[in-house]
Each structure stands twice: as C-alpha cells, then as structure tokens.
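Consider the two complexes below, in which subunit A is the common component and subunit B and subunit C are the respective partners.
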Partner chain A sequence: MNFKHKYVFLLPGLIVLIGILIFPIIFTVRLSLSGWNSFNPGLDFIGFKNYVRLFTDDPRFWQSFFRLSFLAITTVFLQYIIGFALAHMVWKDIKFKRFFRVLFLIPMMTTPVIMTVIWRTFFHESLGPLNDFLSIFGVQPPWLSSPSLAKVSIIVVEVWQWTSFMFLLMLAGLLSLPKEPFLAAAVDGASPFKKFIYVTFPLMAPISIGAIIIRLIEASKIMDTVFVLTSGGPGTSTETSSFFIFIKGLREFQMGYAATASFTYLIIMIISLTIIVKVLTKVLMRE
Partner chain B sequence: MKLKTLISALASVLLIGSQVAHADKWGDQFPHIAATGDIPGMCSYESMSKKDYSGRTLTINTHAIPVMGEPTALHAEQFEKLTGAKVEVTHTPAGDLYSKAMVPFQAGQAPYDIVFGFSNFINDWKRYLAPVPQEYVDQMEGVSASHKAIASWDGVMYQYPVDGDRHYLKYRKDVIDNPEMQAKYKADTGNELKVPTTWKEYGEMASYFNGWDWDGDGEPEYGSAEVMKKDDLMYAAFYSRSVAYAKNPSTPGGFFFDLETMEPLINNPGFVEALTDWVDAVNYVPPGGINFGLGDEINSFGGGQTLFSFSWDDAFVAAMQPDSPISNQVGAAQLPGADKVWNRENGMWDAKSNQAPFFVWGWAVGVAGKSDNKDVAFDYLCFFANGANHQADIGIGRFGVNPFMEEDFKADVWTQIGWDKDIAQSYVETLADMEKSTNRVFPLRVPGTFEFNSALATGTAKALAGQLSPQAALDEVYAEWVAILERVGADNVRDAYAVGVKMEDNEL
Partner chain C sequence: MAKIVLDNIAHSYDPNASNPVFALKQMSLSWADGGRYALLGPSGCGKTTMLNIMSGLVTPSHGKVFFDQSEVTRMITEERNIAQVFQFPVIYGTMTVYENLAFPLKCRQFPEDQIDKKVKEVSEILNLHNFLDNRAKGLTADQKQLISLGRGLVREDVAAILMDEPLTVIDPDLKFRLRRKLKEINDKYKTTLIYVTHDQNEAMTFADNIIVMDQGEVVQAGSPKDLFERPQTTFVGYFIGSPAMNLYECSATSENQISIGSNSFKVHTNINNTDSKDLKLGIRSEYITVESKLSDNSLEADIIEVEDFGNYKLITASFDSVKIKAKVKRELDIPSEKVILKLPAEHCCIYEDNKLI
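On to the complex of A and B.
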C-alpha cells in the first residue's frame, strides 16, 4: 500500500474539521476586521478599528464580562456543592435510592427556555405564586426589578437547572471509586467526616476538576436564562457577554463588531479556563 | 335619457344584489367574516376565488401568535382554500423579525416571499423589497394619507398597509368620570380629577391611585402600566413621553436630530425632563412594572390593574372586548402634553401648552425583491387587508390589527361590535385628531435605526433601574448616537431623516 493512502482516509475527517471548526473561526476573525452592519453589508477591511473600540471605548462589554464571571463562578460553585452533596446522599444505601437518583436528574432533562418561562411566572412580582405566598408574611421582594435580586433569580434558575448535571457526574465518580481506601479508613476507625475529607474528596478530585470545567464552559455562555428572565435588565444589571454579543450582532446588526467581541471573548475564555484548570489541579490534587 | 337612467339603476340594483349574494355565501363559508360577509373589491373573497394558484407555494415569516401571527395564519388558510396555493407560515418572536429577514437579504437569498416586520425597518429593508405594484396602490382608496406615507419611501410604496399604529392615552373612565372619586381626589389633593392633559397631571393622578383597591375588587390597583422592559419596544414609550417636551412646532427641522448639523437632540432638556418623569413613574407602576413588555402592559391595563396606560391600540381594544373585566369602562384621549416645551434655537423653555401625537410605527409587511412568487404574494397581502378581513380583524385585540382606513375612524364600526356610543366616539375622535394635528412626530426611519433605538433603550433602562441619572443616561445615549452617525455616515442618515422631517414639518 502506498504510504500516501493514509492521508486519503484522513481527508473526510479533515474536511469536517475545517468545515465546522476552522472555517467559522477564520470567518469570525475576518468579519471582526470589517464594518459589516445593516447599512454596509460586506467584508470591507477596516483594520483593527473594532478592536480599538472594544478595548478603549466600550465599558459595557467589560461590565458584562465581569458580571458573567461572577454569575458563572457563583452558580458553578453552588452546583458543585449541592450536586456533590446529593450524589453523596444517594451513593449510600438509603430508602428509595433509585427514585431519588431519577428525581434529581429531572431538571436537567427539561428544556431550559421553557423552564425559564415558568420561573419567570414564578418570580412575577404582582401575579406570581412566590410573592403571593410571601405576602402572607408581609413581604413582596422585587425579584426581577431590583438589580441585585435579579442576579439572585438568575443564579437560582441556573442552579436548579444544572445541579443535576453536576450530580450525575459526581455520582458516576463516586460509583467508580475503589473500595479498598474506604475499608482501610474503616479499619483505622475514621469518622464519616474524616472519611469524606481524607478519602472521598481527594479521590474525587480529578472528576471534580472535570465536572467544574465542563460546567464553567457551559455557564460562561449563559444566554437563554438571561434572555427570557430579565432581558439583561433592569438596566444592564444582568447583561452577560453572550447577551451583549447577541444584542450587537442580531438586534443592532453590527456584525463586524459582534464578531470582534466574540473572538475577544473566545480568547479570554481560553486563557481564563487554562488558568482555572491549573489552579484547581494545584489546589484539589495536592498531596 | 330617462330610459338609460332606468336601465343603469336596474343594473346597479342587480350588481348590488349579486354582491350581497356573494357576501352571504362567503360569510357562511368563512365564519371570520360572518358579521359583514364579503365586501366587493379587487381582493375580496369572490375575486380571490377566481384565481388559480395550484402548485404554487408561498412562504411567509410573521410574528408569533397571536399578535399579527394569528391573522397571518388565518388568512393564509383562507387564501389556500380560495386559490389552491400552498402557504407556509413561520412564526418568529418580534425581536428576531428584523434579523431573520436581513440575514438572507444580505446574502442575496429569499427564503421568505413575504416578511413581516415594523414600519421603521423600511430604510434598511427597502433595497431588498419589491415595490407594491401600482394596481394594488390604486385600490387603497380608503387608506389614510399618513399611513400611505409611512409605508412609502420617496413616493414608492414598499410596505403593504395592514396595520396602523399610534400611541395615545387610555384611562379608566369609571374612575376619572366618577363624581365620588372626583370629590375624593379634590378633597385629598386640591386638584381636579379629569383626563390628564399634561404628564405632570398624569403622574399626580397615577401616584394618587397607586397601591390601593379603588375599584372594590379586593385587590390593590396601580397608577399606570407602561412598556419599560429593555429591548421590548421601551424606546417607543420613551418617545411618547418626550414629544410633549421636545417637539416644538416653532422649531422645525428635526425632533431626533438637528437636520442641518445632524447633532443628536436626545440629551436636550426636553428629553431629560421626559426621562425624569419616567423615572418617577417607576413608583406608580404595578410591582414588577419595570419589566413590563407590551404583552404585560396589554394584560395589566386590559385586566383592570391600572388607571392609565399609553401605547398602541391593542390594550384599548383588548380592554373593550366583551370578556374584559373593564369592557366599556375605558376612555381614549390624546397623549398628555406639557406646560412648557424646549426651544432648541434659543436654548430656553417656551412657557406654552404643547401636545404632539406620536405616530409609532406599526406592523408592516413587504414582498422580497428576489421572490419568484411576487404575484401570489401581493394577492395574499391584498386579500389579508381586504374590507371584510380588515373589519373583522380590527375588532379582535389580540390580532394587533389597528385602524388605518378612513372607514375605521367612524364610530359606527365600533358600536357594531358592542362598544358604547360615547366610547366609540371618543376613540375615533382621538384617532382622527391625531391625523389632523400639525405637530406630529413620526418614527425614526434611518439607516441603523435599530442601533439608535437600542442605544436609547439601554440608556433609559439604566435610568429607570437607578444605575444613572436621567441627564447622565441621555448623555451616554448622545455619545453613542454620535458614534453611530460616524459609523453609518451622517450624510446617509441625514438623507433618510429628511423624509421624516418633511412629514413632521407638514411639507409632505
């Protein structure tokens, strides 16, 4: 067989890779160097004008990025704590273990947009059931009208929706742990707390890092929840990077500038997540 | 001669008779027009039934159900039955109508023969749309002049008139006209309770009637329902509040920009005063009112939750429907005005009463220039807006089809569907007076309209949320508008804006 034939076999995969990954990125970079908007559609070349505008004259983009960072880190942290706790609970032999395992997975199986519409109704300040109930105690929090509570509402919805995913990964990790370290800890008379701190948690470190990174990648794209629940409001208090890019690109039709924001955001995320992986590995997998 | 006249009269009787027969036939077959039957015309049921579009497929991108989406689908089904054409209707959320058409337009494609949007898209869309053929324009005798102007650009009609929208005041007649309430209000505030003629009066009354059960239904009611949600048409609500303070008939030459210099006027004291009022309004809207989109506003006022509202006809028509708890208890009036108006020429307030109607864009629809089915598409649109369909559609609040025909401004049209005579009269007079006004403001229809309005929505939303003061928020909008002018080109914007200014200055 001719040595070069192996390239022929690689070709289909290579074409798919170029088509779905390389081409869109290259096109986005090219688009980011153009002034494509509703009035001037087309790939003209304006140099780095869009990048200069983004870095020197658009605090809204950076505010949305820092807001996103806060929302993503907070929600993933809460999802990790709750997901791990629930997984730990049903890992043990408890009654109705199978029922709870399925129950905890339900939120993840629902459609995010539909669930967010339901949550929006739930949080509705004059017609929603939550404030209707709370009015018994004389309080009616402005869930979606106050900048701080609107963020809390988004966190609640995100945690409710995606803790299941964390639960699933952590449960899979717990079920795959070897029994010997636990037997050794039992022989040494370790308390349940010490068993968790010195055995379970360190053994779960690799899967924890994987789960946190997967969720951080997903959480950094928070869009549907914000879109449906608050539309980035009140004001711009819940606007995230994805929502900002959506507004610039598909509402205002500043395609060139939206591509600039997208590509910059991609680079920032790659750098940030690389650093986070290194830090998590160092912290969670230390001796 | 007499014989000729007699024959002519007999012929007319026979013709009318045959039309009535058709009306009965079509009214029986299509319950939607049962009240009127078919109304003769170029695009009547009878005329359409004679067309044969078998084997042709028409694609339409329209709004989500119900507003405009429901009548689009209903008339598509009727059109299929009459002509044999296949009509595929896609429903899209309001915010995505623009991009869903623009992306293929810019790529040189026409996945939809017909695209629904808003009339202020006209400047960005017109180069991709087919002009409405003259034969269709000629049969639009009943369409109001202002609406024809909104649907056209440089004398060429690109958008087929199916809806006419304007903002006006809606109020609870059972409260404002109630002598007991008037006495109570007078005793408590020292002021008269009447239909507010200024935004200050509107704010005072709305504040007074906020947070207590003034209609005895066991639930608290509130002052006003307004569209305050960012990216949900809030900029239109802000313009409605601004016109009284910033549209000065003594200073023609632009409301949004100074046409000569293209200097944005958006942060002048007139607009700042309006935004200051609007920030105060956060205190008299229902809980969560700062997040009200148009649907919430319609439901809130239409459901009897507030004293006032101002926006499109939909809320008023919804409130007047028989299933509404406040049916026949609402009134319509011009948007409130102001006791002063900003004079940008001398940089001072003119201390005079000022009121300006705002002709907000309405639903608009066009046919793609690259469509292979333009003939079918224009027939569909003509059928959509034919006399029988139009009369049936305007009486259903959720349809979002509002008056734009001269005929619609007659009270009888509305009393026939159950409205009280005085309410119908005040409604049509309100609409007709807007048509007659010489101090009107038309929507911004320039290249990059979406950028300008989005920047305004962001700035005003920040002020409503307390993130910025009204002046700081509008200064931010001003800076953004200057940047947009630079990107799009001030001359390009000026050319387009001049058309709107001519309409506002009564030169068209």
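On to the complex of A and C.
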C-alpha cells in the first residue's frame, strides 16, 4: 500500500517527540561543545575541550559518579530485600493484611523533600531525637557530619522512602503468580524454604528485574535527599553526579561544562544499565 | 499404594453461609488400589474439588477421607502420599530434568543412590533419559508435562497419581501417545491413576472405570461400555457419545410399548409400573439402522442433511417435528428425501424422570 499521507498523520506525534525528547538531548550535546558560562553566555564552539577537561582533569565528577553507584546499588539492594520480605509477609493470609498493605505504602505517599527535612531533624546531632535516645547508651554519632555516617543517613532515608515502591511492585507480582507451582511443590513435599527458593523466587525473577531496574534508574537521579539532608557534605563526601551537575550548572553557571557532564553521565548510565539488565537476567533467571 | 475411600464427603467453599452452596454434594466413593479411573463431567461439576480433597489441597467441609484404614481428612498434602499432575505443566525452571525428577525424593530425604536409581528408571519409562542434564525450562510442553508426571512416579509408595486435565496443552497425536504411556505405567506399577477430564474420548480410551459427575453429584460410575450402552440418566446419555443420545419425550401405551407422536415402538423395558408424566426414550445414533421398508420399530423420516465424516455418515432427519440422528456406514446409499429408520428394541432405553428404568 502506498499511502503518502501517513507522515501527515504521524507529524503531530513526531513534533511532540522531537520537542520534548530529541531537542533537549541535541541541545545538550551542542551546549556541551560550547564554553557557555556566566562570563561568556552563548553557544560558541570550543570543540571537545569540556570533554577533555572532564575525562582528564576532574576527579570530583568521577568520585561523585562512583559514590552515586555505591549509594544507588546499596539502597536498591536493601529496598529489594526489605520490599520483597514485606510483600511476602502480607501476601499470605495474615491478620490485619489490609492494614499492613496500606501501612507499608505510606512512605511512598509522602513528599520526599518534606520527609527529608523531618529526617534531618531526626538525625540532628545535638537536637535530634535519635541522638537523644542513643545518649542513654553513651554514644552520639555525628550522623550528618561524618563522611561515612552521612552516607549511611542518606541510605536510611532513601530506603525508608522508596522501599514502599519496591513493596508495591513485588506484592503485585506475588499476587499475579499462578497457584499450580505452589500446589505442586506442596505435593512434592517441599518445605517453605524450598518453596521460596525453587518456586517463588524463580517465578518472581522477571518482576524482580523490572523492579530493580526501575528503582536503579530512579536512584541514580538521587538529588533531593542529598540536597536537603547533607547538601553534598561534609565536603563532597555525599555529592552524587546529579548534585555535581546541579552545582556546576546552577550554582557556578558553567552551563557548557554541566552539559558535558550531563551527556557523559547519560551515556554511562545507558551502558551501565544495559550491562546490569544482562547480568541480572543471567543471575536471577539463570539464562 | 492404598485404597482411597471418600466417606459421606461434601464440600462447600463457604460452609458457614446461611444457605451454603455445595461444590460437591454428599457422596461416598471408593477407589480400588491399582485402578485406572476417569472423573468426567462438564466444567464446574466438582471434579477438581474432588481431586483436591483427595490430595489434601482442599479440606472437605463434611465427611471423611481414608487411605486404606487410616483417616487423612485433615492431613496436609505434604504428609499424604499422593502425587498430582496439573492442567499446565509445572516444572522447577531453575533445575535440570534430573533435579526435577529427584526433587520429591530429596524433599523426603531419600538416600542419593536410591534417588539416582529411581530417577533413571522413571526417565527411561518416560523417554526423558536423553534430557536428564538439560534445563527443564527449555523442553517442549509435552516433555514438561512428562516431568510433572515423573515427579509422581519416582515415589514408589504413592497412594495414587491424580491428574487434573493433564493433556490439555498437548498436541492431539502426542495426547494419544501419552495416554498409552499412562496405561503402560498403570499396568507396570499398579499405581492408582485418577484422571480428571471433560473430554469423553480421553476418559473412554484411558479408564477402566469412569465416574461421571454433574452439578456436584456422581451421576454414574461404570465401565465405558456401561456408560455408552446403558446411561443411567439422560444427562449421561447426552454427555457421553458423539453425537449425543437421541432423546424423545414419549408415553407408555402398553407393558412394552411406547409412542412418540404417531409412531409406536416396542421396548425391552417393563413400563407397566410407570406413572410419571416425564417419560423419555433414548437411543444411540450408532444403533439406528436404515431399512428399505417399514417394519416393527421403524419410522419414516424426512432427511435434513447427511454429513460424511470419512469413516461414517451421519444422517440428520426429522419425524413428528423432532430430530433424529443416525450413524451409518459410509458406503451405504442414502435416499435424498425420505429415509426409513429402525430403532432396535434391545437398544431403546426408557427414562422416567430422567433416570433409567
């Protein structure tokens, strides 16, 4: 069929797609090849100077990236373990099942920035209730001013906030599983542990991979928690890639360089997530 | 292996309701050790509920279940020595075929050498011996279903293997082979096989004994021959056989004679003591013959259509505003408009209130 007008019908969708997706990416690439900053605003062309600087002369970007990797992988791993455990718990017929299902979803319904402010108060070293309680045992850890404890604090807040999402996906997955494999395992005489290892976990593998990837994408954009809780500090010990780009672009107004970092980060994330999906598929689905 | 007895069993999924609905109405049944049974009935008639009661996946709301002399009514599935094959193949996808077959024995902590011997023996029977090291996930649907079956067969002491429409996902030619394999297994191991199906052909070709169910009740239990020749209810007559039994409302005219409209037929049933208004004549289309002239028990019918099924012809005709179907030899010449059909008296079944007299 030779239908010449098909492009006319596709045009509105294509225009929107180009406008909201392709144009910003192309503009970012173009911006990354410019020296746009607060002294010299404009799309001049400086070649790959920004990229050379990023790859050879900016360890801070790479430190923030590896820090982000650590935070994202740790938080998502913990969210997966806890979310799966909670979902498994309320999947079975237990008392107050509905109450628990709603309870576990509450963190996700709250506003991240506001909850982080509350957590910051909670972790406050001299005024916070946590150290108030810990002082009974004679300890007052510097939650937000020690580089390692600040990371722990961010992990706690992220896990608290987003485990609900993982719980929701895992519960939906569990509720959609067929009954027969579980009945067959019961007939075969499998213990609850064996049922989990050989039936529940393999059946949940595709859902697990989807849930982990969604959360990893989200977690790699971690910004608001860092911004409110530690502002990247102490020093740069909790600075993540997105926070670094935010500093370069919107605090120091090095727009060209921030675009370079953004685009590089995007490419690294696409490659990393592709590898992670392959690895997860191999490990969880044993393919 | 054991004799399974269902003693006054009934089951409602909501027994505490003010007016409970029973998926299985009260009945008693026993299943002889080593028998080959088929549970046959339309969807929703209670076949799977009965099967799940035997395997322990459902605890009956009324009655008791015995394996030999011991009561197992409240015993959980893991503690009963029962194997069950489900409609869709259930395999442990992360395991190899060998590990799948060994799994029930491993769960019961059998020694390794015994497991190895049994798995190899069963895999030979099921033709799975060449795939033992393959991942079960990559096999075809019928091979997967064989694995499900194999997990039941590796357990020697199993009281019965319950199969819930196990060949639904299998190709027709493979179905035939698998049914034959099941029969061989039953002959060799004398394991009780209980096969749930809504396909009468499957039931007829597989089982020695068929239990026909309808609306939570057992309507007839017997051999395929009994079910075909002497259906105890009009439901069985209608449900078993293809085409279904010809059934006509009739009235008794004398001790051994009934009439359908203007036609009278002799029967071998004594209908003297019948006072019911609901009287029916049933006859299988296989027993109706085409005649050249009118005689006793014959009628003249108008041909509606003649279908050629390759190995037989099916005549659909009408008389006194009712339809009649007759299965005749393919080579028989059938007139184009009117046909004389004979209903042999010895094959006429008379039903009073839908029950065979």
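Note that in this section the second predicted complex is superposed on the first by the 284 of 287 C-alpha atoms of A that agree within 3 Å, B and C clash if a C-alpha of one lies under 4 Å from a C-alpha of the other, contacts with A are read in each partner's own complex, and residues count from 1 in each chain.
Just so it is clear, contacts are C-beta pairs under 8 Å (C-beta built on N, C-alpha and C of every residue); 3 or more make two chains touch, one makes a residue touch a chain.
Keep in mind that this is a model prediction, so the values were computed, not measured.
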Subunit A as common anchor, with subunit B and subunit C clashing or fitting: fit
Contacts of A:P202 with subunit B and subunit C, given as first, second, both or neither: second
Partner chain(s) touched by A:S148 [first = subunit B, second = subunit C, both, neither]: neither
Which of subunit B and subunit C A:L183 touches, first, second, both or neither: second
Which of subunit B and subunit C A:F39 touches, first, second, both or neither: first
Contacts of A:T56 with subunit B and subunit C, given as first, second, both or neither: neither
Subunit A as apex of subunit B and subunit C, Cα-centre angle in degrees (nearest 10): 160
Subunit B versus subunit C as contact partner of A:K194, first or second or both or neither: second
Subunit A: partner with more touched residues, subunit B or subunit C: B
Subunit B and subunit C, minimum CA distance [Å, superposed model]: 48
Doubly contacted subunit A residues - partners subunit C and subunit B: none
Residues of subunit B touching subunit A in the complex: 95-96, 98-99, 102, 106, 124, 229-232, 286-291, 305, 447-448, 450-451, 454, 458, 461-468, 483, 487-489, 492
Sites on subunit A touched by subunit C in the complex: 178, 180-181, 183-184, 186-191, 194, 198-199, 202, 286
Residue ranges of subunit C in contact with subunit A within the complex: 55, 57, 76-78, 82-84, 86-88, 90, 92-95, 103-104, 107-108, 135, 148, 151-152
In the complex with subunit B, residue positions of subunit A that touch it: 35, 37-41, 57, 60, 124-126, 131, 140, 142-145, 147, 230-237, 247, 250-254
